[in-house]
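First chain A sits with chain B, and in the next complex the same chain sits with chain C.
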Partner chain A sequence: MSHLLTDEPGSRILLMGNEAIARGALEAGVNVAAGYPGTPSSEIIETLSKVARDRGLYVEWSANEKVAMEVAAAASFAGLRSLCVMKQNGVNVGSDFLLHLGLTGTRGGMVLVPCDDPGALSSINEGESRQFARLLELPLLEPGDFQELKDMIVWAFQLSEEIRNLVFVRSVTRLSHASGNVVLGPLPGETRKARFKHRGFILDEMEGVVASMPMEYRHRRQQEKLKQAVERFESSPFNTYTGPEHPELVVITSSACHLYSREAIHLLGVEDRVGLLKLGTTFPLPPVFMEKHLGLTDRFLVVEEVIPFLEENVKILAQELAPRIGPKTIMGKRDGRLPTVGELNPDLVVEALASLVEVPYESAPEAYVKRGQELMFFGAPNRELTFCPGCPHRASFWSIHNALELDGRDGFVCGDIGCYTLAVLPTGFSTLKTLHAMGSGTGVASGFGKLGRFGMDQPVVSVCGDSTFFHAAMPALINAIHHGSDITMVVLDNSGTAMTGFQPHPGLDVDALGHKAPAISIEDVCRSLGAQVRVCDPFDLETTQATLLELLDRAGVKVLILRQICGLSPEKKRHKKYEVAVNPEVCLGEACGCNRLCTRIFRCPGLIWDKRAGKARVDEVICTGCGVCASICPEGAIEKVENREVTG
Partner chain B sequence: MKEMKLSFDPYNLIIAGVGGQGNVLASRVVGNMLSRKGFTVTIGETFGGSQRGGSVMSHLRVSSESSFSPQIPKGRAHLVLGLEPAETIRVLAAYGNPDVLALCNLRPIHPVQVISGELDYPDLEDAKGWVKELSRKAWFLNATDTALEMGLPILGNIIMIGAMAALGELPLEREDFERAVSLTMPTDRISINLEAFDRGREMVEAA
Partner chain C sequence: MRIFGPNELKADVQDKGLCVGCGACVNLCPYFKNHQGKTVMLFPCTLEKGRCHAYCPKTEVDYTELSQARWKRPYDASPLGTHDGVVMARAGEGRVEGRVQAGGTVSALTAFALREGMIEEAVLTNREGLVPVPQMVGDETGIYGCATSKYTAAPTLSEVNRAAREGIRNVGVVATPCQATALALMRENPLDREDFVDPVSLVIGLFCTWALDTRKLIPFLESRVDVSRIQWMDIPPPPAEVFVLDLGNEEIQIPLDEIRALVPRGCLLCPDMTSEWADVSVGVLEGEPEWNTLIVRTEKGRALVDKAVEAGSIVVKEMPAANLEHLRTAALNKKKRAVARAREENLLNNTDEGERAAFRMDPSVVEELTGS
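Our next item is the complex of A and B:
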């Protein structure tokens, strides 16, 4: 049984932040959960899918975030409790639906959990979901530790049912992907029955029509609900002040920054001088609570990630309250004390705070820090991100890159979101030349492919993964076909949402619950739309390159599906198809005209350049036995022998 | 449990390695061992590039009182468990101090830019000297070689956990490990993991 189903209220267990969120949803009696995979959010839906059978839940990985929101909303309309989960930019994808959902309101409790990624630890942006709460006029909660990740989800469901609208609970990488001790609450026994009531008076929020019109009426109702939320925020247990009665300075903070701020105050030893105002309900701010605490002192430092959202909201409120509390100095990001780019950490908060309280601080003795920097330079060479050993993408981009070079017309590739995003780096031979949102590669390519009339004669290629194909690339492909754009779309099909942990998608014959599901064939979809479709195994470099060269020469929309399962998939992991070794008798090393093609250009982590021997070598611990490098050595020095015992 | 005293509160441990080495699993095993003893454990992990050749760090904070920032402040590590030599140096340089202890697996994993010839990987003897220079005391193990002898390279990190337990810096007992692996690993893997734990302990005691 999963530790997440421990039914011992009061017991204390170590949970990953995302598990704490999932447990909160279970304690709240969630019925339906939907999401789209994205770091750092993916473990929430994964965890819930594992306990779905035990708890009688419906859990799905939706085709994209907007559909996930719609699926979750349907459950709410039918009176159930639903959770919707995504990474930060997923909220952008579904925001059009949210705009209308805010107006129609919800019935059963519905909570949206966006997991932001300050510092873009596993993203290519650090966009903030908090702004959406203000933009869409919906209440926003921000848990400040592991216990709150669980408890605030329970509270959010209650709030959602009180105000009959969606509630945001925002997490961040440093909470979602961290672990801490959590005291469990009870798991509810009862389940709800789903029924969508639609025969009541048209404006009846529980039994009428769920529609955003009449706009003015609905918009006013939405704002009333938001005011109702603020009233609840005034007495929320998640807004706390700790510190002296008459502090010199108060740090106002939320989310993971709460833990950094608490530590910074402790490191400087200024607990008796500096107060800590931790806010869990960050939009809209509760004015009575804030008035009381803004009255504590005249100087405040707002510590938050990433852009000054809380700081601006505090400033607006302080301005409104000024006639009663007097003028306040509110510092933070707008005055440059804290950075407006990247994530924070205890050191950055210490630095900002130390100058304000005039307490000296050093992390370690100066001489040690200096020597450490020197030794890091000599002893810790940078680790550029790379495709995993045995990754099909390395082989795919080898072929795409070589085909474009051989074609000789200065063709280029529009990139997309997935592991293959790394092909913007040397690990993918720097093949990608544009990179934006999910599905944007093919959308941008669709535009480039219409520029022939302006003299553009370069071949246009786009890439996208199998999960991305269903998420957002399909409309772009349809657009390209309908408008007669000249593009070659390469679908890098590794049979799963590999980057985030191999979650299923509509192209697979299994769903999030492990049930058999109809697989939607990418080639059938593309053919039925009218594209010229070919399928290759990217590990067959020769056929793949020849096929690509042929497609690049044709007009119209061509789709090449490069299908080879991800090296980390459960089917492949720790099963070597080939034993690969470099024959030192054949490898010519530096004397070969190849200029170390295998290690300098192909640069799979499974290959080593043995400096002393002046030859290439295979690292038996790292090599996964894909055998592709055997095809690139001009001397045939890399030898592969098929492992007989491996099946499938 | 309150009788168990930590030498520092919070005790700050960093497990450093490269994606694919099992860093995250190692931090969970250690975290679970300590949490079950009643300590408050906070684990912060940086694993965005975990399967893609990047550096991976797990910050563990062990306290009798409360949870802490999932990022340890610079210069404040008490013990660095390095699954790879260059990563041990990288982490010591940022989070070390003259009193830090280091336990280092000697098997290098070459960064892709070393494989390509753009950067150099340090000579292993130099690396050992630098780890010593940046720590109060350092222990070096060939954990991956031993794991290879045992037939499963991923056991290297369990050997390292066994070695760390033998240092006596944190209250990590063999029975805690046994309980932790029996909960997190498939039944057929338990005995080999226990063997790896013991090998690590022996390697440090022999060092």
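Our next item is the complex of A and C:
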């Protein structure tokens, strides 16, 4: 049994942040959970899917975040409790639905957990989901430690059912992906029955029509609900003050920054001078609670990630309260004390705080920094971001790059989010030239493909992954076909949502619960839409390149599906199709005729340049045996032998 | 010979639009490839010296040095280059199959060389649609399959490089002047490689005033005719001034002036009309559409021609003086135009630090070609 189902209230167990969120949902009696994979959020749905059978849950990986929100909302409309999970930019995807959901309200408790990624550790943006709470007039909670990750989910469900609207609980990478001790609560025994009531009076929020009309009435109701939430926030156990009665300065903080702030105060030894106001209910701020604590002193430092969201809200409130509490100096990001880009860390907070309390503190001594830089420069091997050994994307981009170069019309590739994002870098032969949101590669390509009348004669290629195809690329493809755009769309089908850990998607014959599911064929979809469709194995470089060259020459919308399972997939792991080795007698090394094509350009990590021998070598430990390098070696020096035990 | 690497080749030839896609740099390594008549560099290569640069006929060709190496005499401004005789020639009666250009001398000589064992394989240029495709053939049927002029710059030499890599020897090549120049450079083993083997044993050169850029010709013709109907193309000798397309049941003539816009810039820097570095050179003959002009240059070329005449594979006649004079004038004019243009573009005999030349000639030769 999963440790997540430990039914010993009061016991303390070590949980990863995302597991704590899942446990919170279980303790709240969640019935339905839906999400779209995305780091750092993916483990929440994964964890819940593993206990779904035991707890009688319905869990799904939806086609995209908007659909996930809709699926979760349906459960709420039917009186169930539902959880919806995604990474930060997923909220953008579904925000249109949320705009209307905020107006219609919810019935069973519904909690949205966006996991933000300050510093973009696993993202290509550091978007702030917190802004959506303000934009959409919905309550926002921000857990500040692992216990709160669990407890606030339970609380959020209660709040949602009290105000009958969606509640945001925002996590961040450093909470979701770290682990800490969590004291468990009880798991509920009963389960709910689903029924959608729709025959009531039109304005009856529990039994009438779930619609955002009449707009003015619904909007007013939504704002009343938000006020109700604020009333609950006034007494929330998640807003705490620790510190002296008459502090010189108060640090106002939330989320993971609460931990950095505590550490900074401790490191500077100013516990008796500086107070810490840790807020868990960050939108809207509770005015009575805030008035009390803004009255403690005149100087405040707001510590948060990433942009000054809390700082601005505190400033608005301080301005409104000024007649009673007097003018306050509120510092943080807007005055440049803390950066508005990237993650914070204890050092950054210590530095900002040290100058304000006039305690000399060097977070990193100069000599230490210098030595560190020296070691980095001279000692650490230069490791750039790269596709894994045996990654089908390396082979795919090799062919796309070569086809575009051979075509010679200065063609380019528009891309989006996935492992293949790395193709902006040398590991993908710098083939990707535009990079935006999920599915945007094909949308942008659709636009480029219509610019022929303005003299643009460059071939336009887009790439998207198999999961991305279903997520957001289909409307773009439809747009390109309908408008007669000239594009070649390459679907890099590695048979799973590989980057986030092989979550299933609609193209696979299995769902999040492990049940058999109808697989939707990408080629059938594309063909039925009217695209010219070809399917190739990207490991067959010659055929792939020839096919691409042929497609680039044709007008209209062409789709090339490059299908090869991800090298890290459970199906492939520990199974080498080929034993690959370099024949040093044949390897040309740096000589004219090769000049290290495999280790200088192709650069699969499974290939090593043996400087002393002046020859390439295969690192048999990390080589996955895909055999692609054997096809690129101009001399045939890389030899591959099929592994009989696996294939036979 | 000043030899540089792929980066200089790319900067000086490809990026300046001087590449004619002859294929000399293709199939030596994984970096240079030709697709539909255009040579591209797929990835950067960091070598300071490479065969790609050494073999290229469009950069740093030192005619003085090349002439010394090949002919043991300095390069002068003689219009037809080193040679041992010029005659009228055509294939012997009934000796060619299918359609040929002019007198069919090239196909007849190639077939004869193959039959006689002077060569084991012939590297020729075929076409797929309008795209010229190098082809290695080992029998006469193959030779006639490649007959007739393509008029497009072709990567024929990529096939010679492939033959060399694969250990194929004793290859005959039918080459345009730029290709014959590249072959001459290649055969000198300019990088002094120990593993060097010359796979070429015979070069039959073609006369060429300029070629056409395949990538430009295709859309040009596509906008005028159904290109799948093109059976034969011809540029009859002067004063015709037309490009002729035979569509089977009709013939279309396009003024040469319209076609000249499709000439690669690199052709305008070529001082060679008659494939001066070949064993024999063959071209059209003014006023005699059923005959060719045949220039014999080397002992090997002489032996081939004499034996072919003896066997009746080709027929030769003395060249009328007027025709020879016209040929010399045309060839000299091409030299003059190329030298003037190279000078104008600052690509001749550059000596300044960091500056490279398209070609080099003795200053006295340059003076002779530009003086009058």
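The criterion applied here is as follows: the second predicted complex is superposed on the first by the 637 of 648 C-alpha atoms of A that agree within 3 Å, B and C clash if a C-alpha of one lies under 4 Å from a C-alpha of the other, contacts with A are read in each partner's own complex, and residues count from 1 in each chain.
The criterion applied here is as follows: a residue touches a chain if its C-beta (ideal position, glycine included) is under 8 Å from a C-beta of that chain, and two chains touch if they have at least 3 such contacts.
Quick caveat: nothing in here was measured; it's all calculated off a predicted structure.
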{"item": "Touched partner set for A:518, first chain B, second chain C, both or neither", "value": "neither"}
{"item": "Which of chain B and chain C A:56 touches, first, second, both or neither", "value": "neither"}
{"item": "Touched partner set for A:256, first chain B, second chain C, both or neither", "value": "first"}
{"item": "Contacts of A:549 with chain B and chain C, given as first, second, both or neither", "value": "second"}
{"item": "If touched residues of chain A are counted for chain B and for chain C, the larger one", "value": "B"}
{"item": "Partner chain in contact with A:407 - chain B first, chain C second, else both or neither", "value": "second"}
{"item": "First (chain B), second (chain C), both or neither touched by A:189", "value": "neither"}
{"item": "Partner chain in contact with A:568 - chain B first, chain C second, else both or neither", "value": "first"}
{"item": "Shared chain A surface residues [contacts with chain B and with chain C]", "value": "600-601"}
{"item": "Residues on chain C engaged by chain A in the complex (per definition of touch)", "value": "28-31, 33, 35, 38, 40-43, 45-47, 49-52, 191, 193, 215"}
{"item": "Partner chain B, residues of chain A touching it in the complex", "value": "3, 13-14, 39, 121-122, 145-146, 173-175, 177-181, 256, 259-260, 262-263, 267, 345-347, 350, 362-365, 368-369, 371-373, 375-376, 378-388, 419, 422, 426-427, 568, 596, 599-601, 603-605, 607-609, 619, 621-622"}
{"item": "Residues of chain A defined as touching chain C within the complex", "value": "401-402, 405-408, 429, 549, 590, 592-595, 597, 600-601, 632, 634"}
{"item": "Complex interface listing, chain B residues touching chain A", "value": "18, 20, 28, 31-32, 35, 40-49, 51-55, 67-76, 85-87, 89-90, 92-94, 96-98, 107, 109-117, 119-122, 126-127, 130, 133-134, 144, 148, 153, 183"}
